[in-house]
Amino acid sequence: MTIRIQEDDFDLASIYAELRAPLSPPAASTAQEGTLSVGTLSAGAISLFIGLVRDINDDQRIDAMTLEHYPGMTEAKLTAIRDQAMRRWQLGKAIIIHRVGKLYPNDQIVLVGATSPHRHAACDATAFMMDYLKTEAPFWKSEQTTDGNTKWVASRDSDMTARSRWQKT
Amino acid sequence: MTIRIQEDDFDLASIYAELRAPLSPPAASTAQEGTLSVGTLSAGAISLFIGLVRDINDDQRIDAMTLEHYPGMTEAKLTAIRDQAMRRWQLGKAIIIHRVGKLYPNDQIVLVGATSPHRHAACDATAFMMDYLKTEAPFWKSEQTTDGNTKWVASRDSDMTARSRWQKT
Amino acid sequence: MKIRYFAWLREHIGTSSEDIPLDQTCRTVSDLVAFLSARSVGHRHALSDMTLVRVAVNHVYVDIDHPITAGDEVAFFPPVTGG
Amino acid sequence: MKIRYFAWLREHIGTSSEDIPLDQTCRTVSDLVAFLSARSVGHRHALSDMTLVRVAVNHVYVDIDHPITAGDEVAFFPPVTGG
């Protein structure tokens, strides 16, 4: 259950319990061969990022938002982003959960999490997955403002800039 | 309750509920004056880092570890680190919890969390607080290995290097 | 060929998906955009400025000169805004 | 003056804290280290290589040439290893 796209809310405590649970020995030995750390089953470091619906965007109060996505491509993209992170850092587990449908201020939208023996790997992988999700995963937000209008959220150049920092030179 | 040093375990779900709860209006208006975002009460972005006791360190299996600290200075240092993060990034809330006493593999040792309207601020502030905690907060670990020995954990140069990346030039 | 539209492109065109027989002259995404733009005012409006539109063929992002074949699923949508 | 020791310094010296009258010759941390090193073999051993030791005066990290006064709390400990 490493990629989830769902209308339902998610529960941080149960996701954290999944991430924190020690790797089973076969998974651990696949993770790092040839060192004694083959047996490292405890994560050491867990990084989590949660995105919530903000009550204000571009100086307008938001009543609700609707998240549309491209079924099929969304799963493929999120899986590819997670796989990239798993290859780039030494991770135990990595998870991406994204909600779709109608959401309200302070609702949870997205959760990204990673575990690793090393804290910087866990934190960097989490930021990496968020930056790629923001620029590549086919989700679109429309916002309903308190004055009764509905508008599609514009993409931000800052998200493209954020993604570019991960490109290796 | 933004800095806690405790022997007891902590509960991620209740800490997350605290971080996720919208700021009360006075706190929000103090946070950012002069813009409509004065009213932004919902966090938008929440970053969390949790450190667990690893079952292996320096290629040795760990049975247990004991965390000693310097009461008084620890609180002062953690408060200063959190204050630095609050000044440097636009954060809603920030929290540091660190356990002391005897801990076992997969036990929670430390939690650092930050909320912000912007995801990079939340993630960077979390990494910043961890890097400074690792190099400045007066905690010391002694590890009990499975062969019955107890030894003080050595500090790592990599932690000093990690901290130096936050120094502004 | 299956064509899919999302977000404001879907709203302008008035449908989220359409099955069309691939015209022989349509060899690239660019050809397909010209072909689809002739179908209705909504299509023409939605596809008038392709710098605002992203294209995926079979769930993979492609450029405007990417080749297409009859069995492809081609999707048009604005830059993504999830997360 | 209150002196505090942590981690392996505490173990070598055999106490976590001691109250000592400040010797008039002790004007800096460096003077204090010399003074304390004369108290026991454990003290001398613990304080023999100050590159391995961090010093805090009144909860603030200081260098070896930092001035000290009678009311100070001076702590000696290894580089920290929390988190």
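Order of writing sets the labels: A, B, C and D. Residues in every chain begin at 1.
Here, a contact is a pair of C-beta atoms (placed from the backbone, for glycine too) under 8 Å apart; a residue touches a chain by one contact, two chains touch by 3 or more.
Here the structure is a predicted model, which means the values were calculated and not measured.
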Touching both chain B and chain C: give me those chains, sorted by label. A
How big is the gap, in whole Å, between where the Cα atoms of chain A centre and where those of chain B centre? 21
Taking the mean of the CA coordinates per chain, how far is chain A from chain D in Å? 47
Can you give the whole-Å distance between the Cα centres of chain C and chain D? 73
Could you put a whole-Å number on the gap between the CA centroids of chain A and chain C? 28
Which residues does chain D have that touch at least 2 chains other than itself? 83
Counting only residues that touch at least two other chains, what does the list for chain A look like? 51, 119, 130
Every chain pair meeting the contact rule: A-B, A-C, B-D
Across the complex, what residues on chain D touch chain B? 4, 6-8, 56, 59, 61, 75, 77-83
Using the touch definition from the top, list the residues of chain B that touch chain A in their complex. 12-13, 16, 20, 22, 35-37, 39-56, 59, 61, 105-106, 117, 119-120, 122-123, 126-127, 130, 162
Per the contact definition, I'd like the list of chain B residues that touch chain D in the complex. 51, 67-70, 72-73, 76-77, 98, 109-110, 130, 133-142, 152-155
